[in-house]
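Both complexes below contain chain A, partnered by chain B and then by chain C.
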Partner chain A sequence: MDRKVSRNIAHIVPSLLLFVALALPFLLLILQWLTSSNKMTLFSFFNGPNLQLIGKSLLISIIAAMLSTFIGSICGFLLYKFKFPFSGFYKLMLLLPLLISPYIFAVAWKDGFFWLFGNAATVYSEAGVIMVHTFVFFPFAMLITGSALSQIHSGYEEAGLMIGSFRRMVISIIFPLIRPAITISFLLILIFSLSDFSVPAFFGVRTFTTEIFTQFSALYNFSLALGQSVLLLVICFLLLLAEARYLSDAPFFSVSVKGSISKKYDTGKRKILVHSILWALLIIVLLIPVFILIVQSLSGRAFFFSQALEFMFPAILQSIKLAFAGALLTTAVGLWTASEKERRGRKFPNFLLLLTFIVPSTVMGIALIRYYNLPALHFIYGTSLILLIAYLGKFGFITSRIIGNGIKQIPVSFEEAASVMGIPSNKIFLKISLPLMIPSLFTAFVLAFILCLGELGATMMVYPPGMELMPIKTFTISANAPEALTSSMTLVNLGVTVVLIMLFFIAGKWIFNKFQYA
Partner chain B sequence: MPKIILEHITHHYGKKEVLRDISFSFEEGLTTCLIGPSGCGKTTILRLIAGLEKPSGGVVKINGTIVSENGVIRVLPHHRKIGFIFQDLALWPHFTVYDNIAFGLKEKRERNIKAKVFELLDLFEINDKAREYPHQLSGGQKQMVAIARSLVLQPEILLMDEPLANIDTHLKGNILRHLKNIQQQQGFTMLHVTHDHHEAMTTGDYMLIMNIGKIEVSGSKEEIENSSSQFVKSFLNT
Partner chain C sequence: MNKNYLNLILVAILILTGCKNNTNEVVVYSTVDQVFSEPILKDFERQTGIVVKAVYDTEETKSTGVMNRLIAEKDNPICDVFWSGDPIRNGVLQSKGITTPYQSKQTSLIPDLFKDKDNHWIGFSARARVMIYNLKLISPDSLPRSIFDFTQPRFKGNFSLANPLFGTTTFHIATIFEKLGDTEAEKWMNDLRTNGVVVATSNGDVKKRVMNGELAFGLTDTDDAFEAKKESDDVDYIFLDQQEDAIGSLIMPNALSLIKNSPHSENGKKFINYMLSQEVEAKLAISCAQMPLIKGTVVPNHVPSLDNIKPMQVDYKKTSEKLETIQPWLKAWTEK
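Up next is the complex of A and B:
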């Protein structure tokens, strides 16, 4: 009985803490809006300009999500269903846009359009936002469909090939089996696109997230920002409800065990076509933006580059420190929530992370400001703790899912075998489960680190005074500084991110070799 | 005296009833084979005896002591002096063969760990594999490591959940012969779940044939062979 009580306390106390720190700010935000003396009712929100803005934001995100899902699914199909040289290289390179903050690409494409056409007016538009979102988010669809394709048992396909052509088998067998993955991809990208603040803000496109930011931070119209936030929350929750069943068990970013049950095909005569498609994509989504940034930063203006380095140096160190702390926190909380869900069937903590994951960054910023901006909570609001909470809310669900997928791959019998021998549960966790989770823990940590490093929307709203962070520094300076300086700072930012990704990649190779057991 | 007694055991997974009013006694020092078609509840019986699951209803007794009853576990798995060989063997992939076997001994702070581990490795003729990892072993070697691991703490009861399902007859015969010898030396009670009635007939002192959550018939090999039950006849002929 004592064990049961202590186990329940060990679950309830952290759950409560997570609820109070993360979910309560949003509930209070809604409550505050409902009880505000200056409130705008939900009905009064449905006026022409607001509906138009919601419609525009949704349209941008839906188009970006459709395009990204289409491109990503094709890439996933080519990379995970066919065997050809350098497929690993393509996988890694095409993943990079997802790991680099979207605003870096916004800066690059602005420079690119300026460079190519003499002005950047075309890209300062809804089409520009759609283009950048598509190029940045398609790797999500690539990973998710790729993961689903890897899990299709070869027998299903071989049985299909016995009775029909390859094309027929793809349409009738493979496509229906990966349809849930395609749906998840679309939904995730839709949420990410709808939530993104940086790209529309950079291109000066009015969307719901930028409008909330403007109303809150520039025009100080808190009640309108509050109302708009609640409306955006409602839209996100509706999206969540529509797909909660799929999303809560999303197979994305699973760190798979060695060997695959799925069948891979030879590209045959189409090898050149496959390479051409992948190279074309690689050039458009990664190489052109990076090349343009380099050209813009370095062409005869070394002064700007050295100035950018000088400006960015303190921000780089602080950003890395903060991203490290954020990744550590999200990985630790992700480990706990994933263990609770996968081993004890307690889904509530994971659900809390899912709720905050779908909340757009600017709405999260407002909720956290309204909740934590109290003298008694200054130790959180006035310090980097507020950023760590924001990171946990934004990325905790992703780490939880990665670790959860890792836990699912550890047979329960491993733990039961130790339990029958009388090994205490804490030792079972430390000596049996934890070592087997290292690859997924590492992946979760790396992804959280990179995402924390590039987060802009929520960071922009809650970062404490005096703190210098890479995305903030680049974004704020872009309004007044010469374009070449902005490009140089973005290049420094990109360089730091890529170097860190490469370091993690090297560390990852070692970790996966050492800790993944066939 | 019976080593294990099951009294009016019922068990559910959600709404599905998997065991229906099972009562049975397992005699000390003997091997009882539980056979029956897939999903008839054989593994569940082992898991209830091991304490890995609580019975929805009924009582499980070991050495005359109630260890589980009506949804409550009275004695934790590791206090039941049980060795369990899982269907998937559950060899810890990040431990070497030696560490897999020694882990329980180390945790119990036993003496002469090395000697005890190598005694078992010698017995199963796999002492040259001590420093290898499970993925470096053949199927038969893995099974021997799993058996060695379950025996190292000298259990009074050995529960085997179809660990020999995927190996050839010759190797299976060898492993079972080893096990029988050890059982004769140590005197533990063995419950062996299997699909294969030929295997059951050669290793079991006693048989328990199950069908859809209940015991269809039980008895010695001769009694089973002479059973008039249509189910038993058709099952043994398949």
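Up next is the complex of A and C:
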């Protein structure tokens, strides 16, 4: 009985903390919106033109998400199911578009179009937005489907190959097994695309997010902007709810077991084809924009790299420290919420993270400011802790899902057998579950680190006065600084992140070798 | 989870996020481009020993961060001074009860035209709206001399204006509405549309498109034009509407506001006094060609002098009020 009570307390207290720290600010903001607005104007955003705009935004994002998922899945398939030289290099390089801010990408591509064709009018369109979003977000699909592919038990594929061709096995066995991963990739990218304002604003394409932004920043109409944000939130929520309802319990997550060896194939005669596809993609999504940035950085009347380094130096260490802390926090909370959901069937903490994940950055910033900007809470608001809370709200759901998928791979029978033998639960966790979860914990940590390092939208709203962070500094210096300096700073930003990723890559190799078959 | 692991994570997070608390400080929120404002703040720190904690934002980001922060922080401000690139934003904050009046010996150095009559904001170092043009695409002889020439068919599709919902362009358009009256101003804006005006995301975007040779000319601010000239020999700029019967060029001072109930208001006042000095105006003239408002400030030769420009006569308060009324129309115009 006592054990049950203490277990319940161990669940309720952290859940309550998570609710108070993360979800309450948004609920209070919505409550404030509902109570302070004029009843007549409260739902004035719910009209024909706005619904049309939502439809248009959804269409743009659906196309971008479909293209990203398609390209990402192909990459995932080639890189995680085939053995060929330099596959690690491709994995690393194709991850890099995630590290460049979509806005910088949009500027680079616009300049690229102008240089190549003497006219950039084509890119100032819905097609331009779709192109940039596809190139920026496809690594998500590559990572997610790649991870799903590498966890498929070789026995399934071998059995399939005994009775049919490789193509048939891919269609009948691999594809159904990774379908949930493809769907979650699609939905995540759809939400990222739907909530980005920088690219459509730059290309002059009116979307629902730019509309919210205009209400906030040009008209200071908080009430309408909040109403529109709530509508966007509801749409994203319904999308993810569908995913949670229909996919999180799909067979994929329970068929694979730790200790299995994923099958990898030889490229055989198709080696050149595989390399050609990957190089073509690499050139389009990374090398062209980076080349444009390099050309721009060298095109000034002076060499700006040393000045860029001087500008960025104080921000680099601060950003790394904060991203490390953010990744640590989101991974720890992700581990707890995933364990609660997958092992104890308690979905509430995971639901809270889902809720904050889909909130637009500006709304998140305002909610956090209004809630934490009390004298008693200035130890949070005036310090980096506020940024950690924002990071947790933005990326906690992603780490929770990655770790949750990892937990699903561990047969419950392992823990049950240990429990039957009378081993205490904390020892079971430390000696059995945790070692088996290390690869997914590491993946979640690295992804959270990268995302925290580059986060701009919410950071811009809540970063403490006096603090210097890489993405903020690049963005604020970029206004009116010579283009060569801005491009140099972006390249420094990119260079630092690449070095860090390479370090993680080396650490990851060691961790995966040591723990994958634990 | 094991308690030791949890403690370890907590300690790591606290070490990584620990901050020093310093009471001898001033918190400044600035929408002025960091590349120009940061050196001034550093100099203030060096000269007074008061630590400046700044939050930067830019016109490129439409000043979302700083303005929304100030509004959301209204009940418990942590900012002491708001330094804006134009007085319009200070006007918005004033109307929301976020600023407080401030007057001193230094504020009296600024001409009355460039400060709020109740001293909720005080202007200094001004920029002007100018037309930047690409010498390779248009000769100086065939340039428009007035913003009203932009509607001439010979310029069709070859010029740019930043989004009029944001930044100094909003201010500029509001003054034109104030001068011409709504009907005539709306007609002019619609004629611009008909003549293929390219609506850029920001003044920086206008500058870049003209520098790249995408467009022949566009409206921007003097600091953008000055930077463009530093970067390229192909661009130059002119002041529009300088003829005797013309409306003149819009002059936009930087504006400082003391935030109501700010935590370090005394340091905030010291900061404002420091900013309203010839020394700071001279520095801004050198770094970004801003025109001093304090008489006798020595500036480099290339910096235009207010004495040589025909300024547009502006009532900043009325313009702020006008802006609020025309914004829905401007929004509809940008969506056309």
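Note that the second predicted complex is superposed on the first by the 306 of 518 C-alpha atoms of A that agree within 3 Å, B and C clash if a C-alpha of one lies under 4 Å from a C-alpha of the other, contacts with A are read in each partner's own complex, and residues count from 1 in each chain.
Everything that follows uses one rule, which is that a residue touches a chain if its C-beta (ideal position, glycine included) is under 8 Å from a C-beta of that chain, and two chains touch if they have at least 3 such contacts.
It should be emphasised that the depicted structure is a prediction, and the values quoted were computed from it without experimental measurement.
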- So, does A:419 touch the first partner chain B, the second partner chain C, both, or neither? first
- Item | Broader residue contact with chain A after superposition on the shared chain, chain B or chain C | C
- Message: Output check: A:429 vs chain B and chain C. Expected answer is one of first, second, both, neither. What do you get?
- Response: second
- In the superposed arrangement, does A:411 touch chain B (first), chain C (second), both or neither? first
- Query: Is A:465 touching the first partner chain B, the second partner chain C, both, or neither of them?
  - Reply: second
- Message: Contacts for A:328 in the overlay, against chain B (first) and chain C (second): which applies, first, second, both or neither?
- Response: second
- Answer with first, second, both or neither: which of chain B and chain C does A:220 touch in the superposed model? second
- Do chain B and chain C touch any of the same residues on chain A, and if so, which? none
- Task: Mind listing the chain B positions that touch chain A in their complex?
- Result: 50-52, 77-79, 82-84, 86-88, 90, 92-94, 103-104, 107-108, 133-135, 149, 153
- Query: In their shared complex, at which residues does chain A touch chain B?
  - Reply: 411, 413-414, 416-423, 427, 431-432, 435-436, 515, 517-518
- In the complex with chain A, residue positions of chain C that touch it: 1-2, 6, 9, 12-13, 16-19, 25, 27-29, 33-36, 51-65, 67-69, 71-73, 75-76, 78-79, 92, 165-166, 170, 199, 201-202, 204-205, 208, 212, 214, 223-224, 227, 230-231, 288, 327-328, 331, 335
- Message: If we count contacts the way the header does, which residues on chain A are in touch with chain C in the complex?
- Response: 111, 114, 120, 201-202, 204, 206, 213-214, 216-220, 222, 300-301, 321-322, 324-325, 328-329, 332, 335-336, 362, 365-366, 369-370, 373-375, 378, 381-385, 387-388, 426, 429-430, 460-466, 472-473, 475-484
